[in-house]
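Written below as structure tokens is the structure these notes are about.
Letters are used for the chains, namely A, B, C, D, E and F, taken in the order the chains are written, and counting of residues starts over at 1 for each.
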Amino acid sequence: MRIVLKIGGSLIQDEKGDIRIERLAEYAKVVLKLRKEKKEVACIIVGGGKTARKYIEAARKLGAAEGLCDEIGIRAAQLNAQIMIGALDKEAYPTIPETLQEVAGAAATGKIVLAGGLQPGQSTNAVAALVAERIKADILINATDVDGVYTKDPKKDPSAEKLDKVTINEIQEIINEKGFFAGKYELFDPVALKILERSKISTWIINGEDPKSILKIVAGEKLGTRIVY
Amino acid sequence: MRIVLKIGGSLIQDEKGDIRIERLAEYAKVVLKLRKEKKEVACIIVGGGKTARKYIEAARKLGAAEGLCDEIGIRAAQLNAQIMIGALDKEAYPTIPETLQEVAGAAATGKIVLAGGLQPGQSTNAVAALVAERIKADILINATDVDGVYTKDPKKDPSAEKLDKVTINEIQEIINEKGFFAGKYELFDPVALKILERSKISTWIINGEDPKSILKIVAGEKLGTRIVY
Amino acid sequence: MRIVLKIGGSLIQDEKGDIRIERLAEYAKVVLKLRKEKKEVACIIVGGGKTARKYIEAARKLGAAEGLCDEIGIRAAQLNAQIMIGALDKEAYPTIPETLQEVAGAAATGKIVLAGGLQPGQSTNAVAALVAERIKADILINATDVDGVYTKDPKKDPSAEKLDKVTINEIQEIINEKGFFAGKYELFDPVALKILERSKISTWIINGEDPKSILKIVAGEKLGTRIVY
Amino acid sequence: MRIVLKIGGSLIQDEKGDIRIERLAEYAKVVLKLRKEKKEVACIIVGGGKTARKYIEAARKLGAAEGLCDEIGIRAAQLNAQIMIGALDKEAYPTIPETLQEVAGAAATGKIVLAGGLQPGQSTNAVAALVAERIKADILINATDVDGVYTKDPKKDPSAEKLDKVTINEIQEIINEKGFFAGKYELFDPVALKILERSKISTWIINGEDPKSILKIVAGEKLGTRIVY
Amino acid sequence: MRIVLKIGGSLIQDEKGDIRIERLAEYAKVVLKLRKEKKEVACIIVGGGKTARKYIEAARKLGAAEGLCDEIGIRAAQLNAQIMIGALDKEAYPTIPETLQEVAGAAATGKIVLAGGLQPGQSTNAVAALVAERIKADILINATDVDGVYTKDPKKDPSAEKLDKVTINEIQEIINEKGFFAGKYELFDPVALKILERSKISTWIINGEDPKSILKIVAGEKLGTRIVY
Amino acid sequence: MRIVLKIGGSLIQDEKGDIRIERLAEYAKVVLKLRKEKKEVACIIVGGGKTARKYIEAARKLGAAEGLCDEIGIRAAQLNAQIMIGALDKEAYPTIPETLQEVAGAAATGKIVLAGGLQPGQSTNAVAALVAERIKADILINATDVDGVYTKDPKKDPSAEKLDKVTINEIQEIINEKGFFAGKYELFDPVALKILERSKISTWIINGEDPKSILKIVAGEKLGTRIVY
């Protein structure tokens, strides 16, 4: 079983931008445990989090083109990915690849590859989908700060229901109704949706605040929302 | 005035995949003429055309992952871009950059940069938008095989009207009504739309069968459809 | 046993440039079978075929320097190599190396490396010899569209004999008598001959229309022409 | 006159890690002004500041080797450098070079090159010295958060004197007496001292809180401390 | 046990610059023997020796900046490293990495990585320390042309004693007393000392004229001088 | 007028391998003089000379594959090229490109590009021809240690005549008669001949012991042997 894991930036940085070190250490433990059981986490994509937002905001004020802002966000995400290399030690590929081809080349060594963003115009969620597709992963686990996909905004509407399963079409319908997804746009960026759809990648969107949830998913438990085709 | 030019693959290859050499030569003439007048065409993005479609089809039948198919399309587009280098001779940057950063670096030499695709998950139309944004181009000219944006499919509905101006929102509405755009999806891929929108790039969609149309656009004539913000 | 396999472009593209998908699929099957038997095909070099010729012709008409034409031929050969990656799936190195050093680095991962051309001034036959030498392959199999090396042009002279064995000197004598090799020049380009000679690489030239011939060669059958030293 | 400018990380980030946007904007203004007067700031090296410290601390807690920690600091410094690209717009080289050779190559285009760290084992002060030497800069201006070099720690000893001029030998003597330089070690890391000494680079250490000080130095005013040979 | 081996340039080139082929062959034998016993020599750094000195001297006379001279020395060391690849054959990584990241990436394939210098401002002794730290080696063996660290210059002072163990602080004290270390500066360049100190790398300085000494060190014999913390 | 200059390794190293510094300095003077007169020497290719031969011999004795030996020769030639960078100072491109594409990219900056070898299987004479073709040079000057092309071996046969002009066909005939060219093979390696022939590059073979000969050629004097088509 070949797994691609996406860890949202907000899971590893708090609102002030401080690193949630214990959580990262726990993620490392979970990943190394899975590896021992031959359930290989081939690649971990980490989001840019607060650092990305802070630097992009500064760059924009200084007159940076949006494309340059994206590149700054990419480097911030790479920084978040890079601190995990130490925690995974000799099991980790030692550097951060910067193109999809480099990710694939690094994965060919059999080490766990850590990556941040790759190219302007894409969120790290798109990167995770692209990587999962490129290295033919069996499943993609998207660990984020929500419990999964809801029918409506649970904070505003008590009738909102968490979906256990959802299709890409249903996600698109929910997006079109807006409101709820205003701030959650990235999880469903159009590139990510297109890639998931065309390659029918088994994807779970879960609350990643407890890294052990990854073990549960792999063990077959029902958590968060599964994207089905 | 800094121009980015996108040339659709279908404009430079016929349905059998043969290269339309004269048209390419004419494009080169137009670009060199503009350069002399200090209306610099900084970068030309060329689509993958028939070659891309043929190779992708073969790869897919052989079991290639969709991401690999995209990479094959990228290389085919690079091949189409590469043949233009000879026509532009010493004014052209001598090699084809393969990442957005390399495009920007090559453009810094002041030569005309030729590029094909860059990364899976994006059409060459998205590449053109990303490049225009990254190098702060003044305008983006998208030369394709249609006359511009229509309200409906002109082949099916005689009441279809060509729009002189269109907003990104309007394009999205037209896309949502589908039908017409079935085969024209690429021109408006979501990454391209997002980039154009956020950076408000002056964009013209024109019929590129006659390369001299480029000169007309630059001279201020009204042709095709202009995307406005 | 470490094998380098060269597949001529004409074997995988027909005269119109269409891809011979079934033959490619069969090549993949043969290579994967050998791999299971620990007769490792370490690298497969694919020729540029019809695509290369078509693009080079166009580039030349547009005024491209010959060196640029060679680079275009290299990219076309890479395109032909790239579609085989999908067929070999996880056994293949995921990207196409672009220098001899990169080929060697990729081969160090133990995956099957696919390559096209590398540098102007060399045919893909020279590339195959260079790679075989660089990675210390035990044998080089050159699959082409002729049955082997003949003493004369079999199409013009019924007294022409196919040679079972031939030395580099004998090949050079046959070349010097010209005529016959007019159109077959590439198979014996001077770089390829020099490399084979100096490193005394066990080389077979065989008709590759039936990919199973590869299995026969490896099993010790006599096929085509063997270059001896 | 060819200038290399080092901007200390603490000048552009406050203690919480927030970016001092106005100061960066002013630095950009100063650099562009000098450029117009043909006093070319060829390269700007930016330190890693608070971001570097925060990420390194986290990585270390997660078990990262010190070399990896250095690489994390390098990327953080590159992030600080990258936000200045937008402020300098088309005058800036568009990407951040990652080796000394790339810095030299980028500088050959005549654009202003922004760089962060380059390699483990060196502070960004060493990088600034290496770059100044490599591109044969006329002067190196090191903008930091102190007024220059003191004979003793001014915070602890009221008899401390700021030096207008200092030799490398004198700096080394002051370092050997320790105490004062405990927290200021980086400014005088051994690689930086060795490079300055061997190439006798005209170097000014100035308080960079007011970016206009750069203009004063170039105009010949006496500010901070000059390293002499 | 993961070993990094540094071989001084003077051990493999005589004063005329001729290569000591037999010694190199013996080094290869020792390294391959250790590999079989699962005492992996992960990386071998080779010094620039006489070739480096000759080329640097010429470059300096021609007006080269010191940084360029360093780069010339780096290439000379790479040349010395490259000739060892042939001797280690298929166990060696096939190319010479040129940055610390590339060293780490190459080491991830499990092959023996050969390297020369990496970047101006550092001796190859610093490179050896950086590599040992980066790939978390268990020990670093520095094979040079002296027997170890002495308290004074043994050639000038008969009371000089070879030290079996030494701390970084003691080395620095010996350096400060100068004289003895005039010509041996490189072994203790400040970057090397800083890296060894901060990562507490088990380091042996031994006379490498007899490559079998490496085996003795690994077997636990006391030879040369050990750096302790 | 765009010139490519090839300087034979034996011109810049004596038989012991020592660098002929004065001659190199004179070459630099000549090149800078031509540059001032707008007769741009776009690229200088330098041979590997004695250093290449010495290292290759050692590598071969250590069991290196011939392809690796070529790579060692390439690096030695790069070393010879690199020392010229200092002599040309800011007019030189600061680093040594390692592929033909990199040569072309570096030349696009307008600096003088220094190069050594590029790829196994080719002499630096082939590199010079490839570069001249790739950057569309007007003439190629091959400075070597003979006066030009002779009909026979002048050392053995007093009836040998130096040719003022020669065609590629005539060179091939002289080569076929052997004897004379035994030790001079490289000047006319098959790749070089093929490239010169196909691109009809104006080429002079001259005795480069006096660098001022370059000025004479450019001024239209008749020296050495000219290759005509």
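The criterion applied here is as follows: a residue touches a chain if its C-beta (ideal position, glycine included) is under 8 Å from a C-beta of that chain, and two chains touch if they have at least 3 such contacts.
All figures in this text were calculated on a predicted structure; none of them were measured in a lab.
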Chain E and chain D - chains in contact with each: A, F
Between B-F and C-F, the pair joined by more C-beta contacts: C-F
Relative to chain B, chain with the most remote C-alpha centre: E
Most distant chain from chain D, judged by the mean position of its C-alpha atoms: C
Centre distance in Å when chain B and chain C are each reduced to the mean of their C-alpha atoms: 35
Computed distance of Cα centres, chain E from chain C, in Å: 42
Residues of chain A whose C-beta touches two or more other chains: 65, 68, 71, 89, 94, 101, 109, 134, 136
Touch-based graph of the chains, sorted into line, ring, star, complete or other: other
Those chain pairs that satisfy the touch definition: A-B, A-C, A-D, A-E, B-C, B-D, B-F, C-E, C-F, D-E, D-F, E-F
Partner chain E, residues of chain D touching it in the complex: 65-68, 71, 98-101, 118-122, 126, 129-130, 133-134, 136, 190-191, 194-195, 198-199
Chain F residues touching chain D - in the complex, by the definition given at the top: 89-90, 93-95, 106, 109, 111
Chain E partner contacts - residues on chain F that touch it in the complex: 16-19, 21, 24-25, 28, 51, 54-55, 58-65, 68-69, 71-72, 75-76, 78-79, 82-87, 89, 94
Interfacial residue positions of chain D with respect to chain F in the complex: 101, 104-105, 107-109, 134-136
